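Presented sequentially are two complexes of chain A, the first with chain B as partner and the second with chain C.
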Partner chain A sequence: MSRERIERELAVLHEGGLEAALVSSSRGDCVLYRNLPTRGAKRNLPSVADVIVPVPSGYPAAAIDLAGLTANSALLPHLVGGTNSQGTFVAEGQTWQLASYHPHGNGGGPPWDPMQCGFHTYVDHLLAWLARLNQ
Partner chain B sequence: MSNTAAVGEKVGTRGHDKGHQEGAGGEHKNLHVFVNNRKFGEEDGVRSVMTGRQVAALVGVPAENAEITRERDGKQITADETVNLEHTEHFQVIRARVDGGCCHVA
Partner chain C sequence: MNSELKIRSDLDVLVRAASPEVDDLLDLAFRRYPDDESGSFAWFGWRETPGGIVLTLASIETPRSGDLDDTVPNICFLPPSIRRAVKAAQEGRLAAAVVHSHPAECHTGASIIDDDMDTYFADLFAGYTPDRPYVSLIFAHNASGQLSGTGRIFWRGEWHAVRRFAVERKSVYLEGYSSSVRLSAHAAERIARLRSAFGEESASRLAGATVAVIGASGTGSPAIEALARAGVGHLIIVDPDVFAASNLERVHGSWDADVGTAIPKAEIARRHIQAINPDCQVTAILGALPQPEVIDAVATANVVLGCTDQHYSRVALSDLAVRYLVPVIDCGVQLEGGGGNVTAQVVQLVRLLPADPCVYCQDMVSNQRVQQELMSPAERAQRMTAAEQAAERGEAGDAYWQELPQLNTVGYLTTTAGAMAAGYAIGWITGRFDPPFLRLQMDLGAPLFGVVDARKQPRAECACRRARGTADQGGVDAFIWPAAHWSPAVIL
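Right after this comes the complex of A and B.
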């Protein structure tokens, strides 16, 4: 993992007003994005959500994958892949559940390119994920 | 350097107006906007008037698969619609297609 690279990527988002940080968890390093907008308000679901994304072993050669919410989030059943848990773990004092969401693996995003993609571009896929709610 | 590319040494401060100047005609020099919380400037192709397609292209999403929203008023911008960009304003561009491991939302 290139910590310096990830910190630079997160600084780009910080400049744009988004809080995101590298955090430790029981399954290794993760990036925690704070207060991402959702479209849940019309369904009485949260209008913002914190999203956690594991830093893959071998990053940046290895693709970023998956996305998780707090395990008790009311949004999870409404998100694509949200009912197909990819595991739970603890970070920042909370339990998180990963959804089966693979933006760079036939999830709707482009193929992984370590020269173009990173945690600063992964937010594109998280915003799309949180906007496209199931029934 | 585009923010779509890998992040190199271009890491600025949080201040959106850093380096901002206003020309004699009221146009902004060093015009920049934010798309999905990433900063894009004239070197990335930002102009004072752009189409939705051009805005979506800043984050690499084909306009046919993009939903483009101007955050200051929530206006949805179509691919061929032109908009006047305000300095430092924010847009959200999301993909229309999102697939999970077990289901799909069109």
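Right after this comes the complex of A and C.
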């Protein structure tokens, strides 16, 4: 894993006012985005969420994929792929559940380009995901 | 007067340089040749290896008007250029270097004037960037017209001599060291036909060369055989796999008795090389690029051949070429059929010089493939299950897992590709010919082999444009890192 590269990408997020950090988990290294806005308020769902994203093996050659919320999050059933669990794991003292969300894998996002994409661009997909709540 | 510095020579210091930077640097160094000296500051990346250090030319601090004192015959940097170099050192992460020429008729060994300059600059840069080496290189043309050089680095409080140069398309005679390898009578006889075709100097260069072959199976094993027979002095063989019965049709040097023994393919290669050419030093590694032990070894090679059908491996080879300035030739084959006929028998050879467009610029990589190749077995199993469950729901399972067809291949095709790659490596090492293509594809079943050169231009924003020669210090621009679940590489 390119810790230096990920730290550069996290610095870009910090410059934009977002909080994100590289964390260890029982599944391997992950990036944890804090307090991302959702559109849940109208439905009495959380208006912000922490989202965890695994660092893929061989990153950046391999594309970033999936997104997880805390396993008990009320948002999960309302998010694309949220009911299709791709595994649970522990990080930062909490259990997280990965949703079947694949923006770079024919999931609506652009093809993965390791020279352009990263955790600093993946946040755009996460924000879109959190804004697109279904019934 | 000759240098009076205490220079150690027990560290394997290798200096790598590639076009276009090395051409520009030598132009600057020889700007006042043959009568007077000239030179430039330059910046090097580096990698510390077991027992040595590899330094890679990354960029040049091209002198501006007034930077050098041209009123004196020796190289003399004036304060504005020194201030700029110090500032660049502080802002960057590379090692500072002074590269200069000596006039004609002078040898390239450092003089006491050079000692004064190098001591001054080593202390100066160490004051600002204490953890980095300081590099000093001197070039000239020797009596026989060869580009001749010497070098020394100041690192961790001691001076070390440069013991090898690996300069793209140039042979640098290293003064003070024996760069010309003498062949034994038996070794010379063994390559008599090659010597008569390519010349004695070529035989010497091959004997002094290191070639790394990544992949010791269908395409790698014939390449290894050709290189061993040509008298290459050191072969580094890297392969993560053990031999299987289905490999017997393609792997040169393998025997029926190897089936079921779980012998590593790299070990088969070593056995085969030593049977052909006992003088050849072999480093066999059970591992894969870009594992650190593998980079340590192959960063010292004159040429690397990519002989795997893994896309992640091509990404790693391209990164190696860009950041560590190692010339790479990647080869592969594809066999297609339909309607009871073989419809395509494609051989592909790709030249990956440090300045060439990388595998991403050349659209040679399937991201899906890379991702699946790099997954851990557990993740792979989970993805496959998810794809099956998606199919049961009537949904596409591609986002989870795509079944990638096993590439069909056959021994005569892989042998053709591997032998051709070895030939171009020999051409590079001997300086006799270059690969006249960027990405050659030929179809053995097509009229005139249907040869095309699928050239692509580099993308301006690609990391391959900015990371050249940055070595470990360009890690932020690395194309790939080893997967965390891989077993550590083992030197056999």
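In the analysis below, the second predicted complex is superposed on the first by the 135 of 135 C-alpha atoms of A that agree within 3 Å, B and C clash if a C-alpha of one lies under 4 Å from a C-alpha of the other, contacts with A are read in each partner's own complex, and residues count from 1 in each chain.
Just so we're on the same page, a contact is a pair of C-beta atoms (placed from the backbone, for glycine too) under 8 Å apart; a residue touches a chain by one contact, two chains touch by 3 or more.
Everything numeric here is computed off the predicted structure, so don't read it as measured data.
With both complexes brought onto chain A, simultaneous placement of chain B and chain C is permitted, the two fitting side by side without a clash. When both complexes are overlaid on chain A, the residue A:18 reaches chain B alone and has no touch with chain C.
In the superposition on chain A, A:77 contacts neither chain B nor chain C.
Contact with chain C, but none with chain B, is seen for A:56 once the two complexes are overlaid on the shared chain. Between the C-alpha centres of chain B and chain C, as seen from that of chain A in the superposed arrangement, lies an angle of 90 degrees, given as a multiple of 10. Partner contacting the larger number of chain A residues, of chain B and chain C: B.
Once the two complexes are laid over each other on the shared chain, residue contacts for A:116 go to chain B and to chain C alike. Look at A:2: by the touch rule set out above, it reaches chain C but stays clear of chain B.
Once chain A of one complex is fitted onto chain A of the other, the partner contacts of A:107 extend to both chain B and chain C.
Superposing the two structures on chain A brings chain B to within 7 Å of chain C, judged by their nearest Cα atoms.
Taken together, the two complexes place residues 5, 8, 60, 84, 86, 100, 102, 106-107, 114-116 of chain A in contact with chain B and also with chain C. Chain A contributes residues 1-2, 4-5, 8, 28-29, 56-63, 65, 84, 86-87, 100, 102, 104-107, 111-116 to its touches with chain C in the complex.
The touching residues of chain B, when paired with chain A in their complex, are 3-8, 11-14, 16, 34, 36-39, 59-61, 67, 90, 92-95, 97-105. Taken in their complex, chain C has these residues touching chain A: 312, 315-316, 360, 367-368, 370-371, 374-376, 379, 382, 386, 396, 398-400, 459, 461-463, 475-485.
For chain A in complex with chain B, the residues that touch the partner chain are 5, 8-9, 11-18, 37, 60, 79-84, 86, 99-102, 106-110, 114-116, 118, 120-121, 123-125, 127-129, 131-134.
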